[in-house]
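Same chain, two partners: chain A is paired with chain B first, then with chain C.
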Partner chain A sequence: MITRSDRFSWRSCVLFSFALVCVMLLCICAGSVSIPLADTLTALWNTLWGLEVPQGISKNIILNVRLPRVLNVALVGAALSLCGAAMQGLLRNPLADGSTLGVSSGAALGAVAALALGVKLPGIPDGGVMLTAMASAFLSLVLILSLAYVLDRSLSTHSIILIGVIFSMFASSVINLIISFAQEHIKSITFWTMGSLSGTGFSHTRILAAALLACGVIILRYGRELNAFAIGEDNARHIGVNVKKVKLIILITVSVLIGICVSIAGSIGFVGLVMPHMTRMLTGPNHKRLLPTALFSGAIFLLLADLAARTLLSPVELSIGVVTSLVGAVAFIIIFCQTRKAR
Partner chain B sequence: MLNAQNITVQYGEHTVVDHLSFQLQEGQWLMLVGPNGAGKSTLIEAIAQGVLYTGTIQLENRDIRRFRAAQLAQKIGVLSQKNAVGYAYTVEEVVSLGRYAYTAGFLSARDDDGKQQVEHALELTGLTDLRHASVLTLSGGELQRTFLAQIFAQNPQILILDEPANHLDLIYQKHIFSLIQQWLHQPGRAVISVVHDLSLAKKYGTHAVLMDQGKSVSQGTVDKVLTPQNLQAVYHMDVYQWMQDMLSQWPA
Partner chain C sequence: MSKKTVSLFLALLMMFSMTAALAEAITVTDMFGREVTLAEPATRIVAMEPGDCEILCALGCEEALVARGLYCDYPASVLELPAVASGGDTNLEELLALEPQVIVMNDMAHTKEQVELLAQNGVQVITTNADSIAEVYENIRLLGAVMGKNAEAEAIIADMQATFDGIAARSEATDKTIYFEVMPLEWGLWSAGTGTFMHELAEICGMQNAFADIEGWQPISQEQVIERNPDYIVLVTGMGETAVDEVKDRAGWGDMEAVKSNKIYNADSYQMTRPAPRLKEAALELYDFLNDIAE
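Let's turn to the complex of A and B:
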């Protein structure tokens, strides 16, 4: 017996926000140079109110290095987790995620191609890269889904993932190829396949926040429709969901978010797979609760993963994707076994 | 209420429903009868706008294609044959989704009746005690009743049911069929259902369409359509004799 309310309660919102802030503070304090919590709080508080930050506090590290990075990690984690949750509902597939479906690799391929060809959008720095990444993410998603549909009309769990993985490998090798021809101005292949948020600044925070706000509102509004899809696409149609329209909107929104995340942070695997799954154990499958909770849990998870990547082998910094993939691969197998058992 | 003319559905080269026409009037319970592969479920999917078809289906003298999805769902409730749920939703959550058509849209409207309709639907189908149970733990019959309850919550004017007796034991078969019969008593309502049990079709149906290989072999009132001769022609066996045999297994 499960008793749950239909909505994301204010109590959980406050609780999760508190946890998120705590983890963010922890991530600002910890690192190759560790900073006392009091210093961090003072620096943040004083800057917020326009006061002078006292001497002796590593203001630069706190405000210009760690704070933007922590904010970016949280935003990317929240976005990826939300996308994963939305796709798992839409495709009725608990293994769906940007990385397992090959969307992240598609976005990375678009970004790398745009960098190599020098695609630019006037006015917005990196705009061309982001736009290409979004378009490429959407095209990959459409390609993968239609391929899966041709192979297997029921869009079964396993055939989509199989095609996604093959597409990912293909995209990675093309990325590798492009990079070896145009080494000069493109970040390393490790960045595009494993991801990293080191060196990102407030300009990225603004873009990520705006994208997450816009796309997040859309996805959260479609919670009920996602519930219907998660129960079954036929059932969704029968109860009056405009399935084609909703599907298209969700797929575009997810592609936009993943495209932006990938062009800023590279493709960070498995966040969108693991966190929605763990969140679902807590909230149940109802997307009205699942989606907002997944935002928080995704942010917290990626913050901790980033912290681990920075500190485990300090001073060497691991790619953040190394940590998430280690966790994610294990989770993938567990979820895979569960779905096998369920049928 | 519903007027279907020349419905044809093709999967590639294969014609599944072949120029089929029928009409449904208020108060009728139309039984779609025929052997496996006759195109009954496909015909239902065509009415529910789930497959591409040629021909026209008019609902209240208006082309059914011109209804918005939510509008159509307020008029027609569909119970399909495959109802498996992948995630651990509760019975109540699934049934409540039946109210979607009344609150659809980006800014959802208020649904004042909603709660009451859901409550009523749970009660009718005997699911009140199971409302918080996860659908993954239900038996086939309980799941079937859950989706029936969803349709009752949807409160449409026409019920389209693909094998409503599927997975139901005798008690619930009787219960659900009487329930639908009662539901039909109110004005402005009609039912179309695919039923394999010919006795059920004959007992509860008012009208029938006998289908074979996508075509309508005979249609009209149940008594006129479901005759031993008609059935023999479609099923290629003496259906009447078979039923007698079955009954004779039970000495009075």
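Let's turn to the complex of A and C:
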């Protein structure tokens, strides 16, 4: 048995970073178009040190198409996984996740409504859509939790998930309705239900990175409080946690992060649900270790899923949500059975 | 005359009158392979799909239309007709209330069950389908027969064929490639492969379809478009005036032959994708674009 320290050690940080960089390199080297490894590495190396990159197809594909996509996929995967882990801890609910709680659908609904109504923020492209998606994600979360609270004071696992699923279905049909009535060109329903990162660029990378940095720091700092929540809200209160404040901050942060992810990548299911579970098998339930590890594992998982979506049927592309749902559902059933057996 | 002779005579008379009636009746086989018999050319008809609506109007049968499918919008005069939901949202009650003799449906957009149900309720249903120009001709012939406009149908087909032949005769076969974009990057790129009108139009113009290795409409990888480096880009996305600039601004597309030489054409997406006589205009416009002929 490995002795588990209380914190996320430097050693594991280096280990996971190394794994992430390896997977990212793999994802940049492999793709629909096969490019010689040497060309790929030269293009990357020269860009990294600001050297002249030889012109050609490989430069365009590697630096303008694959690199931003790989970075965006890693950031979205990390963000979704972190959000899932935080919500599972906060609500003491192993099934909590953006997609099961209806937050993703809420965000998608906000984004679609903003697109249909032409909501715009001066200065920031897509700012209006993102802001509306965040607000809508938060409102959906509040709505779902208060409904669950009214129905069942103990906020039990089943009632929250049930309401979340019902809300997701409701939001999906409203999205469908808006898309069929809107005069504007709105991305198809598959984007909002399955997600896709094809065609995203460095402008999205900047936004995602900024959001993940800001929200990630906030969530990671609440590791200790989330540990207290895991034992029970009363327990948290007894050891001096400002329950209301922590809850509100985490819920807002999660909504912001999911809102941004959904408006850029659509709703990608199962990442936030499955990855924290898999991570927990590795790190144990301590949030101080779980949360940072979930960041890395989510990124790695989504990178591999996107690699499969890009390459399996080349030159045809799959929806990333198809891959995550396929792998995620199977993985989830296996985990579920194993934890049952262990009990 | 004996009783036997009289009955024989009567039987012969009946047979004769029946064949006379049958000669007037119209029997067609539609694209589902169903045989449909009409006593006379239809005078009350509903067209569910835009392509069929365009064919019927080209045949000079606009008067006979009592309603149109929601997406039928050409010629503009059909917009005045009442619109009915089509495809997955087809409303049988709404259709039956219009009391049409014939409903023209598409076998892709409508299920066999929907067609059978309507047929059982006394409305004749004709299904059409076309993935190739030859099949568009078949549709035109089919609808021409239903409307009693066989000569007009043949005239439209001859005109289309003459146009395509003319373009093919003027075009030299080259290795140059055209990339057809049917969905923009923002939504995930889609292109058109074999079994589409776009593929056929490229062939008529002597060009190669850059995505001839896919079948029908498929989501494709952006990397593949960059690597295949098409000589021409034809946008069939219906995204409006800014579509060409959006393509030029895409990261990584700047070195593409079509972008460097500014050979990007924002085509009329309906004209190029609908199984209708306007494919002729689509071919002419594509030819003009490929050969730098200003409109």
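Some points to look at:
Here is the rule we use: the second predicted complex is superposed on the first by the 321 of 343 C-alpha atoms of A that agree within 3 Å, B and C clash if a C-alpha of one lies under 4 Å from a C-alpha of the other, contacts with A are read in each partner's own complex, and residues count from 1 in each chain.
Here, contacts are C-beta pairs under 8 Å (C-beta built on N, C-alpha and C of every residue); 3 or more make two chains touch, one makes a residue touch a chain.
The shown structure was predicted, so the numbers you read here are calculated from the model rather than taken from an experiment.
In the overlay built on the shared chain, the residue A:Gly284 is in contact with chain B alone; chain C does not reach it. Once chain A of one complex is fitted onto chain A of the other, the partner contacts of A:Gly201 are limited to chain C, with no touch recorded for chain B. Contacts of A:Asn60 after superposition: chain C is touched, whereas chain B is not reached. When both complexes are overlaid on chain A, the residue A:Pro276 reaches neither chain B nor chain C. When the two structures are aligned on the shared chain, A:Ile239 is found in touch with chain B, with no touch to chain C. When the two complexes are overlaid on their common chain A, residue A:Gly328 makes contact with neither chain B nor chain C.
Using the contact criterion defined above for the overlaid structures, shared-chain residue A:Gly128 touches neither chain B nor chain C, since it reaches no partner. Contacts of chain A with chain B, set against its contacts with chain C after fitting on chain A, share not one residue.
Looking at the complex, you find that chain C touches chain A at residues 185-189, 211, 213-214, 218-224, 226-227, 229, 239, 251-255. Those residues of chain B that touch chain A in the shared complex are 48-50, 68-74, 77-80, 82-90, 93-94, 96-98, 100-101, 103-104, 106, 108, 132-134, 136, 147, 150, 154. Contact residues of chain A toward chain C in the complex are 31-33, 55-57, 60-61, 63-66, 68, 185, 187-188, 191, 196, 198-199, 201-202, 310, 314-319. For chain A in complex with chain B, the residues that touch the partner chain are 1-4, 6, 92-94, 221, 224, 227-228, 230-232, 234-235, 237-243, 280, 284-286, 342.
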